[in-house]
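By letter and in written order, the chains are A, B, C and D; residue numbering begins at 1 in each of them.
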Amino acid sequence: GKGESGAAAPGGGKTIMGFSQVGAESGWRTANTKSVQEAAKAAGIELKFSDAQQKQENQIKAIRSYIQQKVDVIAFSPVVESGWDTVLKEAKNANIPVILTDRAVDSTDKTLYKTFLGSDFVEEGRKAGKWLTEESKSEAGPVNIVELQGTTGSAPANDRKAGFAEVIGSDPKFKVVASQTGDFTRAKGKEVMEAFLKSTPDIDVLYAHNDDMALGAIEAIEGAGKVPGKDIKIISVDAVKDGMQALADGKISYIVECSPLLGPQLMDLTKKVLAKEEVPARVVTEETTFTQEQAKKVLASRQY
Amino acid sequence: MNRRLLWPAVVLALLLLLNLFFTPGFLSIEVKDGHFYGSLIDILRFGAPLVLVSLGMTLVIATGGIDLSVGSVVAISGALACLAISQGTGVLAAVALAVAVALVLGAFNGFLVAVIGIQPIVATLILMVAGRGLAQLITDGQIITVTDAGFKVIGGGYLFMLPFGILLALVVLAATVFLTRRLALGLLIESVGGNAEASRLAGLRSRGILITVYAFAALCAGIAGVMVASNVSSADGNNAGLWIELDAILAVVIGGTLLTGGRFSLGGTVLGALVIQTLTTTIYSIGVPPETTLLFKALVVAAVCLLQSAAFRARAFPRRERPVTQPVQDTTEVAR
Amino acid sequence: MTSAAPILQLTGIGKQFPGVTALDDVDLRVLPGEVHALMGENGAGKSTLIKVLTGVHPADSGTILLDGREVSFASPLEAQNAGISTVYQEVNLCPNLSVAENILLGREPRRFGRIQWKPMRRRAAERLAALDLDLDVTAPLSQYSLAIQQMVAIARALEVQARVLVLDEPTSSLDTGEVEQLFKVMRNLKDQGVAILFVSHFLDQVYEIADRMTILRNGRREGDYPTGELGQVELIAKMIGRDLAELERLEERPPARTTGTLLQADQLGRTGGIEPFSLTIREGEVVGLAGLLGSGRTEVARLLFGADHATGGSVTIDGTPVSLRTPQIAMTHKIAFCPEDRKADGLIPDLTVRENVVLALQARRGWTRPLPREQQAQLVDRYIKALKISPADPEQLVRNLSGGNQQKVLLARWLILEPRLLILDEPTRGIDVGAKAEIQRLVAELSDGGMAVLFISAELEEVLRLSHKVGVLRDRKLIAELPNDDTLTTEVLMQTIASGGRS
Amino acid sequence: MTALTGAVVPRKYLPVLVTAGLFVAMFIAGGARYEGFFSTQVVLNVFIDNAFLLVVAVGMTFVILTGGIDLSVGSVVALATMVAAVLLNAGWPPLAVIVVVLLIGAGLGLGMGCMIHFFEIQPFIATLAGMFLARGLCYTIGTDSIPITDPAFTAAAQTQIGLGGGLWISPSVLIAVAVVAIAAYVLHQTRFGRTVYATGGNEQSARLMGLPVARTKLGVYTISGFCSALGGLLLAFYMLSGYGLHAVGLELDAIAAVVIGGTLLTGGSGFLIGTVLGVLILGLIQTVISFQGTLSSWWTKIFVGLLLGVFILLQRVITTRKK
């Protein structure tokens, strides 16, 4: 049965979780959704799922409706950081605990949610930058970088750009000669890269905010008669299967992982929260980075 | 050339010049790996899907309708083709399947508009929303990557040294011109769009014409979808063809076709699509930062419209142009 | 007539459209308290002159004096505010609004900005009553036939306390009674000192109501004359620039050389439209339909063409039963229908003359079999000549044609189909004398050649002159079918209508 | 001559009645299927969640009634949230912020109206340029989401106006309802409103009838811009943030709501109450989806499309059958 009001004891029937997903804008997101769904099933938690189709107002509506339906716990991946206070207060008033996944919210009132589980996009950008500084330590000349940004205004795009810029900014030899949005898609990645290749003669490094754009760009680079990974080094973020394949094939030089597989961790946290155990305010997903050699090793065992 | 098309052409030329200023070699075309290579070729190649979708959209708009679902159809057909190929179907059969399904979806739109009598914008909104979901259902929300070399040709390959996509768009353009201007479809479409009741009383089968037109629009979108998928060797149900309907409508309008229906100009549409694609490429090439991209776009779109407007020209350049009181429509068209 | 100062004085008006000089150095003087007729062939520039006067089009040259002061209106609104009220040639009202709103919008009674609906309806009804019309003023205008819409437009113009009233062909689809009513109102206004500018192709009406007339030919002024000093024959000569020997009245119609029954309607009807009627049309026969405004003539025509669905009854053609559900089916039985409202039901304004003319023929062939260009050119040329469509340019957009010429284009569309039954609903609406005679002759010729014609006209003489047989309608019911012999006159027809067929 | 009477007045309200009937039917069906659905608060929540859309759709109704279209509304909404957030953070008093935002919206609308009227540019593309412009302005202000912490805005966001029986609405709902009421009054009881209908019925005729078409067209786009800005403020109340990616695609929702409500895109025919129903229907579809709660992302879209399709189909079929 449904919990009366407030946090139902896990023993008093099946736990119901309301999960509000941002959307299904990418394969990464879909893998994320799947992971949550599968983990919920495995953990015996009944999942109410809703897809906000990239709209914050839809997510707020969904959360309201979860409150209305008196679920036991609410989890969601915020579309953006701001603007959640009102609905989170409603949840708090209804005694429903909230867990954030994948992205944070900027509420000053930290009691509005129990914990935040997810990646740190700025850190991802930093990791990409660090590898590049390491890699080009020996090089003297200017290193010309082109950047394929994610959807303008979106949090991963903003943060991955910021983290990367923060690291390479300390060394004047790195120059971002062109930076444009590729909307996180392969087609746009290819199209933008084609234009870069013509307008910017010297490109040493490509930094793509996700694998898909990098994969599109690889086609463009090959079309221009250059060798991706050699003539132009490519760094990207995500580590989806196709990306890992390209990394293993030597076309991509380095990938910063951004794991969508938050499901099991989320369910663990949920159980702890419902059992009123202490949970840390911030749980960073276990993420790593891959070089070409590492990719070859783990390729076979990748799940997504 | 049609006078209305003069100004979009001028804007196109200006954009190209702007590029030339920033990228000196912009207009040059070289031969690389046995085929043409250069920015102009790129514009045509990436513009080909938009040209295709816009051609279909032109006919729909000429009947006084609008088709919001083309973007979803692009995604569905690309997804179907890739799914079929990844499951071992031959390229031709897979493409045929994708295009056939697109055709059926278009006929469904046409049915809603012509037989049930639903306003086009909501009728096609249904497929716009549901279709995107269908595409994701087909791809399971993932990106389906295919490695078939034959499939690659459609959007990324070459024939006679030219990208295959450009040739394909040219073929469809020629077919459309033939159907509408050599055969009498164009007259009947313009008639239905100009005055539906009068057309009915003149004995036109407007239902049949409407269904044909919506099916054709979806067919074009279907081909474009295959082309888009082939270009990146993968189907992206989430993002393929996203917002292409807006670009297509914009292309049609820049091409001088009125959204109220009636007269249409295929040449204008192609020009409009090229203006839009050139604008996109320009933004990438001259390094407009992503945050100001839309401002730049707004500027160019407003400039095209204003230049096209006789009323504006009369005010802006009072001495060179005679004041025109009513929108003067040109009756001559090249392909007619 | 007082020799008062003109209230309206136009001097040297010129107006060019791309490729056409519509007006060239035209002068016009209208005195207060007179009805001034503006005469000319189709395309002479009458409507253009009116539009220039009332601020629809800016003039290219010339001056306009109103009450001795120079004016130049940027919009009809300004002209209206200056005291010029206009009924334009085509009905220019909003079909989606109620009759009351169409009459009063812009001048509706208001309190604190809020429309007073009750007084508004009352006033609208009063205005219509002055024209002897009793309508539901809350119903949308689109419910009413073209003729009634024309009356509503007149009522709107009369609503303004205007000093100058401009009427561009207000009577083109009105029947005699309505015209009389309008004239009564016009005389009344005249007595109050209102100047009226009046356009009509009905010479009798002009001679009845007008004090003076200005004649236009090809956009130039031919002169102005007091009505009494210019006979009809001279007037026509001045209008068309040559003597019109051809305009002698059509001789009596020879009896139809009927060979057999073409179409037979049996208790055909449509609920809410027309009561069941039976009608036989023979080959080579011209059947006229007479009746008052809204009597249901158009309804009969539409049912026979399949433009509306019949709710009962049957039709046989050549003895075989047919179901005329759609215009296409009617067309396969070689029936053609030229509708009365050319703007709404007839023309595609954005297409050219050529395209409008070949449209029905092309529709019949289907889109896969285009009509070859040479054949199109030939056909269109023939009818441009036969009907004297001007400008004689097949590539001109129909929207740029004058009203009468548009009507001719519509006629041409159906004539090239060479139908067996041609239904003409007010085909001579807004057509000048010369062309009208031409069309009448054409109808006579066609029927002599074996074509059956169903002829609807608000002008009873015209119906009588052409038909072999006249169907009389009243209150949407066919009340009598009279053979057109020597005894049938307009008086008899009027009487039949008045008595409701129970003579 | 007899007057046509009867059956005329109800007929023009038929589409609205049918739409209302279908809405109720959908609500009942939802109630039968989902626990906790059949409650007044669910309907109130639809209002609470869609207050901003309602206001935007009201503006859109004016535009569509004249036969035009306004694609810029979504972007103007986003711009309004953005400007509000930035100004509030700069320490402006909330009232001044509200006035400035509304002026910006109305000004943008007026600008597009001028392009459309004076330069005879098709509404679709003039407002598309406006859409790019407003969205572009958002990004130039900033690409991040900016939180709003102003106490007045927060209060507007979090106040719950009790209706008794545990039911509540937000202040935004009151504002939206007031906007609807004023707009309905203007459309049906004032000369301006009737001129809006006349312009949509036949612009050329309206001009020849001596109606102030120019002023009316400028007016409707200004109203639409104003409503978008007001909708943006309501969204700012709702989200307490300003963000350039807010309200992407909102223009389609607004247009859909208006058209589903029975207003003809060609202009001249439709009622404001239809628009309200249209918004409620879109909102109710969302609610059904969230109560369903088992749909994957793509099935959500397919389901929304299907519901929309079934709804429009029924609406159309019933309306034509009754005629």
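Note that contacts are C-beta pairs under 8 Å (C-beta built on N, C-alpha and C of every residue); 3 or more make two chains touch, one makes a residue touch a chain.
Treat the numbers as computed from the prediction; the structure is a model and nothing was measured.
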Remaining connected clusters, assuming subunit A were absent and nothing shifted: one piece
More contacts between chains, A-D or C-D: A-D
Per Cα centroids, the chain farthest from subunit C: A
Distance from subunit D to subunit C - Cα centre to Cα centre, in angstrom: 44
Chain centre separation in whole Å, for subunit B relative to subunit A (CA means): 33
Subunit B and subunit D, separation of their C-alpha mean positions in angstrom: 29
Touching two or more other chains - residue numbers and ranges from subunit D: 139, 143, 296-298, 300-301
Multi-partner residues of subunit B (each touching 2 or more other chains): 136, 141, 290-291, 293
Multi-chain contact sites of subunit A, meaning residues that touch two or more partners: 24, 30, 33, 152
All pairs of touching chains, each written as two labels joined by a dash: A-B, A-D, B-C, B-D, C-D
Residues of subunit D defined as touching subunit B within the complex: 115, 118-122, 124-126, 128-133, 135-137, 139-140, 143, 252, 255-256, 259-260, 264-265, 296-306, 308-309, 312-313, 316-317, 320
Touch list for subunit C against partner subunit B, complex: 18, 57-58, 305, 307, 327-328, 331, 337, 339, 344-352, 355, 358-360, 362-371, 395-397, 413
Sites on subunit D touched by subunit A in the complex: 35-36, 41-42, 45, 48-49, 52, 138-139, 143-149, 154, 157-158, 235, 238-249, 286-287, 289-291, 293-298, 300-301
Subunit D residues within the subunit C interface of the complex: 1-5, 8-9, 12, 189-191, 194-195, 197-198, 200-202, 204-212, 214, 268-269
Interface residues, subunit A side, partner subunit D - complex: 2, 18, 21, 23-24, 30, 33, 37, 48-51, 53-58, 60-62, 64-66, 68-70, 79-86, 89, 106, 108, 151-155, 157-158
